[in-house]
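First the structure, in the form of structure tokens, and then the observations on it.
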Amino acid sequence: MNYFLFLLKTFKTMTAQQTKKAFHGIIPPMVTPLLSDNLSLDIDGVKYLVEHLISGGVHGIFILGTTGESTSLSYKTREQLIEESCKAANGRVPVFVGITDTSIEESIHLALIAEKAGAAAVVAAPPYYYGLGQEELYKYYWSLANQLALPLFLYNMPTHTKINIEIKTVVRLAEHPNIIGLKDSSANAVYFQSLCHLLKTNFSLLVGPEEITAEIILMGGSGGVNGGANLFPKLYVALYNAAISRDFVRIKELQNLVMEISTKIYTVGSYGSSYLKGLKAALSGLGIIQGNIAPPFTTFDEKEMVRVVASIKEIEIEVARVL
Amino acid sequence: MNYFLFLLKTFKTMTAQQTKKAFHGIIPPMVTPLLSDNLSLDIDGVKYLVEHLISGGVHGIFILGTTGESTSLSYKTREQLIEESCKAANGRVPVFVGITDTSIEESIHLALIAEKAGAAAVVAAPPYYYGLGQEELYKYYWSLANQLALPLFLYNMPTHTKINIEIKTVVRLAEHPNIIGLKDSSANAVYFQSLCHLLKTNFSLLVGPEEITAEIILMGGSGGVNGGANLFPKLYVALYNAAISRDFVRIKELQNLVMEISTKIYTVGSYGSSYLKGLKAALSGLGIIQGNIAPPFTTFDEKEMVRVVASIKEIEIEVARVL
Amino acid sequence: MNYFLFLLKTFKTMTAQQTKKAFHGIIPPMVTPLLSDNLSLDIDGVKYLVEHLISGGVHGIFILGTTGESTSLSYKTREQLIEESCKAANGRVPVFVGITDTSIEESIHLALIAEKAGAAAVVAAPPYYYGLGQEELYKYYWSLANQLALPLFLYNMPTHTKINIEIKTVVRLAEHPNIIGLKDSSANAVYFQSLCHLLKTNFSLLVGPEEITAEIILMGGSGGVNGGANLFPKLYVALYNAAISRDFVRIKELQNLVMEISTKIYTVGSYGSSYLKGLKAALSGLGIIQGNIAPPFTTFDEKEMVRVVASIKEIEIEVARVL
Amino acid sequence: MNYFLFLLKTFKTMTAQQTKKAFHGIIPPMVTPLLSDNLSLDIDGVKYLVEHLISGGVHGIFILGTTGESTSLSYKTREQLIEESCKAANGRVPVFVGITDTSIEESIHLALIAEKAGAAAVVAAPPYYYGLGQEELYKYYWSLANQLALPLFLYNMPTHTKINIEIKTVVRLAEHPNIIGLKDSSANAVYFQSLCHLLKTNFSLLVGPEEITAEIILMGGSGGVNGGANLFPKLYVALYNAAISRDFVRIKELQNLVMEISTKIYTVGSYGSSYLKGLKAALSGLGIIQGNIAPPFTTFDEKEMVRVVASIKEIEIEVARVL
């Protein structure tokens, strides 16, 4: 890097640190609607789902995350989803695009597509094939952020990527002007509180699991990237608002429904895939989208499906009653 | 089991379920004061520490947990600690005794000592050498509870025991009249919320990590088994009270100090032992007890010690200012 | 599937099971030569390296494995490598192509490129983002094999994919007419012996780690997919031959050199990446290819590089003396 | 340590390194015969089993290992087993005593009992509750070895202790005059080959899993600590001798039977406990000892028991035919 570029970069860093855009609220990790071949994008489904979310009051939409089956989709399908989602959102809410990949070239390419389509930011979990050390991870993220036009969210997902983005690594990466936040799906609340303490301002801290969004908001977190908001966006937005206004009667009532979804919809199968299969089955049961799911997974069998549909219809009535 | 015993047991179960004693509040996992041979109990230290905790307003004392280095102590020392602690507490607060062991006979023996000494309950993490299946774990705990006179707390500590007491297993075990609660040190807040939802009443849910005690209490948990309360019992009791009364100004102020302890005292070393070494070093720095630590660990070296002592003295001033 | 297709399939299965092609010997997992941008294929390097391997007497070449940094390369680069490697090999030895991916569509696409280029077989590790159950894994592989024209090797790599292809799953999958073997990189010799016992014929069992190739061959395994053969193909071929002919004087002499490479070249760095970084540094030190390495990794720094180069030059002299 | 002691120690170190006693051959990890309360030692069973092993030609007996359910037994029972086993062996073969514990005081106490009873050496896996760093582990073992009169074997058992004794740590510990060998139960053959290469002389390297004893012996290892030798000691001794004499016809024949035991007896249950349950069930089926097993495990149910007994009786006939 020559001296002029260095100065320019330093200047950009200084100003950027003062102006990092903050995001907050409920930003659902959108499921990816698929046709019955379990591979092709259901474009009508995308339009319907985006409308369902925005009319439910969500503060943003995150596509191509773990819930979005990003890594199971072909690149062509990922690109198509980016374009269709941004078109459907049409600037009404910010769209966040997952660019997680093991190849940095492919991540950067997806980020370019996202930028052209009008996305607000990109989100990247660590490269997930090789085991990395923290120093290697730090360098990887710093280099990635340098090569992106859109701002970057870190995405901590240790069960899937085999690596925890350690607290010290997040703190170091938060110095980068283009790294503006973290989505944490570890469910480790000590980790989250430590980041809240060490990164007091100017860095958006979002939590993945909906079961703990309320408490995270009460303690100062920025928002929730909650899968269940695909089903009932209004419920999660209402819970977020109740937590912001510290209305404990309301929190209790809404949290109870969130936990009903968690314990009755996400735990029907016998593997780690229960969450994804349950969520897509429930979306299908409510008539929102088809429940097709990409390999390596398959949809529930008849018996499990019947059980999920019965549960979600009961919960739907309760949600309607409470909202 | 013959029919008469079956009837008797059923009757006891029914009545017990209606009368399970609830525990709540701050119940510090007491460190074990050791003499300079790093093996023998410092009896004066035990007396002083118990007094320090009780005068700090704690709701109970938990000895022989992970923070208490239970598994590093000889059986003779464990027995001595049970007797000295109960004598020092002298009924002013309930004493909980860790009986975690890989040999069920030794667990039952420790529970007998605890009962004789006047303890209120015993606490057992899963046997931690062999890898168990959940069904095996369930049978183990049920059988253990059957053989104990004192009520039993489950203790979830997956990083140390290699097994998570799964949600379904806890729910099944909560049916036992003699199993009255769970201490969860997993830091997994989704796990904790799920238990709060599924075990709404009559089962005490305590959380280990102090960093998340406030949010757990806000969401309906019973209390915190927080290591830092060895240092500043009043601070943790105040945070518990603030959370109970939903005083968010106070919560923020106190939580900030708890996080200072967490990020400056518990993370100085380079291994998982940092927490324990940091805590004992800080206790020594404040003059509460000697900082000796049992093998397989060793105390910090000079440089780390200086750093911890400097930090804890700064924090002490802040704590005094706020309380 | 209609009845005619069922009959056809059954017929194909029966004949295929009698005729599964067996592979044996040393089949190096070829490193991917990269230009100094750490991303673009070094085509001259590919040609040189393929020639180096074939002239060293290897029995096949495996591209796009873990050693080949497959997951770090863009799809365009992977396709280019398939074409250039097959062209360079020009039918002199069979080429095996890694198609491991999280998206089944992309795996199938790579397999098509491989087929057109004249590859002998494809190799797939489990999809490595989501955690799978064994039943899910079984269905995934069966479905994948159904959609491939080339025969398929399973690739067990649990440290990277988070899942072990369990013994029972391998045995079930070996029933598929198009699944002809397994490459095991687990280093778990009990696993390997169990498969040798249960799959006595008609299934090629290759081992990844070169440190145990000799013993695996002695006990009846098919061959070794050994990274060090990129450096000294003749050494590993000679060790294979010595093991086949049970020449223990020769085995001892050659095994000693293989272990020198293992302990002096692969363990210089501080992370799991040490193997890959060490291997590429040594190849560069011997002037075989440039040592560039794709993100998320970086090449060794000067000091580590000097150490590796010094070691490999000493070993080179020993290898020349012995062969 | 004063200067005289330092000199003495140095002198002892020098001479000891030249004279470390080597052990080799089949050294079964003896199961612990229990009475029907699943807790008390079956003293007649101990006598019978020791006789069974010695008459089978074993080179030593290892009590209180993982197969011996050491951690599940009370200290009283462990002591009793040490005394009864040594008395029964009566100096005919060396007895190795497991002293693995989380409390160093208890380990040292068991070693004293072992010494008095006439044991040849003690064996210790890492303390297995807290997670340790390698430096902590190194210091622990060095300090333990300093305090023992009997020579010490390291015992690598990462699945149970959560820590791998890393290669570098073993190499450093092998410098201690009182640390004379390692038993490796990791099944990781790369690890074992690396140790064979780096510790060429004067250090006994024993392997746990019987499935790989033959190959380990072929490659220069010292012996096998094989659970199946409780059933058929002669079979494992014969396999060891065949490997020593490189009689591959014999190796193949015997290895086949060892693998039959492995795949039909050790894999009947659904948990990690299958090995232990299967082994004790088979011993009971052959009438060698009762099959009682200590908590946290339980014996197989009827159906699994019938299956194991049928298999072991078939294998018994084959073993008789071959030997």
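The letters A, B, C and D name the chains in turn, as written, and every chain counts its residues from 1.
Just so we're on the same page, a contact is a pair of C-beta atoms (placed from the backbone, for glycine too) under 8 Å apart; a residue touches a chain by one contact, two chains touch by 3 or more.
Just so you know, these numbers come straight off a predicted model, no measurement behind them.
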Third chains touching both chain D and chain C: none
Chain whose mean Cα position lies farthest from chain B: C
Interchain centroid distance [CA atoms averaged], chain B/chain C, Å: 49
Gap in Å, rounded to a whole number, between the CA centres of chain D and chain B: 35
Sequence positions of chain D contacting 2 or more other chains: none
Touching chain combinations (by label order): A-B, A-C, B-D, C-D
List of chain A residues in touch with chain C within their complex: 39, 66, 71-75, 77, 102-106, 109, 126-133, 136-137, 139-140, 143, 159-160, 162, 270-273, 276, 294-298
Chain D residues within the chain C interface of the complex: 187-191, 193-194, 197-198, 209, 211-212, 214-216, 218-220, 246, 248, 252, 255-256, 259-260, 262-263
